[in-house]
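Note that subunit A is present in both complexes that follow, paired respectively with subunit B and with subunit C.
Coming up: the complex of A and B.
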């Protein structure tokens, strides 16, 4: 994997630009395991010896004809890639039941690829169902049992017996990465938004031990990074999956800076450590129940609003940008009350709908006007 | 001898390109409008050349340039600013009491709330489909074989506006064709189309709320049929600037003047 590389930033940027579908082909000696959502417990795949690979749509999404046009770009693009054979080398694919698209895509995937040459759907397609209400009585014991069942199924697929030490090792690795991301977050305000986004996305694509090493190297390089917040408008960015850096680059071009990130492929993916002293499956369940939720899960009505307001205060941001991927229903339902709640609290907020991740001129106009307002009128 | 300096605002819109030249006192000394065509930047360049020639001015007399509109990033300017901010600035310069701007342009429609300071308080845009925009009326004028500029006058001759149930341009065109086939009066159909635009824009207005005074800008503000229908829909009188198409360019020119006043040394963009 990028043998001989010592420049952590360059390695991670190159990794972030490599599409999900290119990884299995580029590194046939590595067994990758595809996953879609941050609620998928990466540690379980790692404990089996598979490298978790976040399945992201191509930057120019293809339209899978069997999905209706009102399906999000993630569902459409990933299915189109799978049908083109991009994921044949995967050890399996993991879905988390977070939204209707993911639930339906799981069914489509399993039936479409069942009995396939290298990706038999029934045996290699896995679903985990996190509790909808993360605070519900019994959520913890339910989720622990769900994770245990999933772990055993993954092990059976790999032809292995569950080894707690392997799982503990995977947890330690994932935690090391999360601690390094915390360090990156401390420097975020002084770094270009698109750079940080790419560094974080790389950690969901490349083999994790390698990412851990390269991120440590990158953090050392970033100590001298010649960037600053001077004159930029600090923003909180919230949204779902962003497979490219287009929106982050546009924010930078227009004089903004993402000082806090609440996206599925950004910081939110890494938040929360797993207790290494606790029984591993219970500890994994507890992390997923307690970390800041996405709109697909419930932690009490004001939880997401309070989280964003907290980020705004801590990072001294001037406004919140709610990026809404077209046809992403959970985020669409969430966006309006979030915007209204923020505005009621005196926080400027803008909902920006994107189809792909590369904003067009119309999105540019909206975002520019929003930033001009935050900057004081022009 | 003192050489006069001027400040240029360029608004490259989807349908038309507008330029405004201000003097140091903030007075409009020249303005010009032309269809944007295929290359808005080149249209703006030609428009400027013609305007300078007519006025006997040299390019070196333009102290600062600010660009706005969809083509703003293509034009070499000292600064590019969104048309929302420019529109608010231009209107606040002309009409201090306006709190809501409805801008119906060629490609989109916008509603902008202005704070007493002249800053943008809130805005909404419809740019996802042609409904409620100038493009909608342009397509319909072609279907009806009427000059775009004639739509407003003809709408005033209507006895009973035809009901256009669809706000989608494609489906509305089918309805128009159907009405024509039934022998409906052209003026009745046009009045129905104006009401359709008004309904769409009024829905947009309701998203930010109406605060008086309310002003209508954009090329569609010249269409009396839409103005009447929108006033009826909103239940209030709309202010119309004497030159409703150039207000964003005016705002840009005012920002260009600010640049010079603040002595901002901004790198000229040459994209």
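Coming up: the complex of A and C.
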């Protein structure tokens, strides 16, 4: 279905609903390479000929035998699937060192895929360590060297030699997608929040060249959508990984609209182009340092607050919804100063903690009250 | 009193005096530090303190205060004070308790924390410290200086050259920033002197720990938890060196006399993770009263590595990047297996510490691997280092008793 069908929207929606673990089975002819976080440089896997597949937990995550109950749903859910053998067909898995959970999961995952044996460990599990302090002196040259090492390891694993032209081609493809996402963002306010979320999620799951084509089709189809907010309350949504559309749908049901999406699986994943004229690895490092950061990175104290305030102004939103996933520490740390900073600036903000991906009745009531307050204040 | 299962150390008196002096000087730093133009930095346990000392900057370790709050059973109340400001109860309890102590100085058991002039962190122990100190920097409006020490993913535990160059460059920048703050240049001879004292203290600390290889072991791990305070907060000072010489002599004398910390040592155990500060002796006594001694642990080993050779900055860069909490899973599995073999351990106990994810999330897989490799049984107990609200006494007691029974039954 994904190959050749011209109805971009329905193709992308179907792709977005397909769980990560189902992709390798559905398309055994494609070599998928799993990754966890937006900081993983997709272009490197693409240049090897592997299709980057974001590993998202299932909507009903199981309990991984190897992790304690106080682990976030991403760690727990994905490892439970791996323990059940769901990811044996992947060409490899890439971790970007972002939080303590990703650091730990890397070790456990690698041990698991080595069959619980002692060293030498599994050679298909990779870790790249981006700078945590994006303002640190030497961060750029450090990260370029780190990316070069990673690229060579990936190539060695694939039995290939590093080809700069292959990497440039991957960068061009990833940039084309990012430009199309920019186009989608320009129309976001008129589109259902859950539709946009699904379209963006599809781009982290399906083969990228196909996604590029289907998104172009979808954008054409979306030209016919009415250009109106239709009385909806415009919101900025910020948070970590959202593997389903539940919260977006709830916002729509309650009369809201996500006009800017600062989540790890939403727009933030796509922000920032790679300079195609520059030496490729340096250009990738520069994108990492300059794109809007997640809470795991330090870009100066006011950076994230300023980013959210900027989104609020540009998109004429009335409030900010800060979605916390249970046990996601970096976002939990930022939620308090962001809420307080926004309120100090006169911007209504609500912190909503989700245990799973689907909000329950309590979350519904709180969100409803928040949106009613925003609507009443118009 | 639970302490009857231990033979108390004579060095405990001098330790108390040494630490009391440190806390008193720190508490009243504003009275003497400012006139002497000695800024006060709040720093993480993995920050390169030797540079600060050489520049005449005094240090306070909020993690160390977190342990004290736990030991005094104030951790839960202080953490709650941070939670009422909106901080999640799932965040690190050292951090929550520290923020609670700032919001409610009246509840701080040492009489209130002195205000920092600056904050210095290294990212080598966890991701939490970055966020915690960002919160502190916002609260106090003081400079936050960060040494980004990339995670060592390689199994050999050695940082690659580009990593060392990156950290070294940041240390140079740190010196430049601190020089601006103090208005004083860095005297290299003083830095070398501080590194030398650090080295002497960590070497002594390692020698003290290694005495645990004797049967019976002269020290039990809760002793090490109490005795580690100077290696954390007075590293790089002659006082720490002098104190550990004294402790070494006492422990060595116990070995000579064949005196064990746990009378009638029957089982030798290894401990993994930070202490359960609020139930330190109460928890460890569950073991010692059955003749089970903790002869070694992975946590206090974190302060036992000597400085890497080379010029001072390269040495500091390597040493602080390669601390054990910044090391890969495979490295830590190897380390534990090595300790089990060196110390002839019969079993190991892992504290699944809700507050320390980099330590705890890998433990179940580590337990499986270590048991498969050594045949030594391992137990996991869930608790929290400082927040006593997360301690379920009866279930823990039952699990410990079952574990000890299995040891007595020869591992059935």
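One rule holds for everything that comes next: the second predicted complex is superposed on the first by the 365 of 378 C-alpha atoms of A that agree within 3 Å, B and C clash if a C-alpha of one lies under 4 Å from a C-alpha of the other, contacts with A are read in each partner's own complex, and residues count from 1 in each chain.
Please note the rule applied: a contact is a pair of C-beta atoms (placed from the backbone, for glycine too) under 8 Å apart; a residue touches a chain by one contact, two chains touch by 3 or more.
Fair warning: this is a prediction, and the values are worked out from it, not measured in the lab.
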item	value
First (subunit B), second (subunit C), both or neither touched by A:129	second
Subunit B versus subunit C as contact partner of A:273, first or second or both or neither	neither
Partner chain in contact with A:373 - subunit B first, subunit C second, else both or neither	first
Touched partner set for A:108, first subunit B, second subunit C, both or neither	second
First, second, both or neither for A:298, with subunit B first and subunit C second	second
Partner chain(s) touched by A:335 [first = subunit B, second = subunit C, both, neither]	second
Touched partner set for A:362, first subunit B, second subunit C, both or neither	first
More subunit A residues in contact [subunit B versus subunit C]	C
Overlap of subunit C and subunit B interfaces on subunit A (superposed complexes)	none
For the subunit B and subunit A complex, residues of the former touching the latter	70, 73, 81-85, 89, 108, 117-120, 123, 125, 127, 255, 258
Complex interface listing, subunit C residues touching subunit A	85-88, 90-92, 123, 126-128, 130-132, 134-135, 137-138, 144, 146, 148, 150-151, 153, 155, 160, 162-163, 165-166, 169-170, 172-173, 328-330, 332-334, 352, 354, 357-358, 360-365, 368-369, 372-373, 382
Subunit C contact footprint on subunit A (complex, rising order)	65-68, 70-71, 75, 97-101, 103-108, 110-112, 116, 118-121, 127, 129, 131-133, 136-139, 141-142, 145-146, 149, 295-296, 298, 301, 324, 326-327, 329-330, 332-337, 339-340, 351, 353
Interface residues, subunit A side, partner subunit B - complex	361-362, 364-366, 368-369, 372-373, 376-378
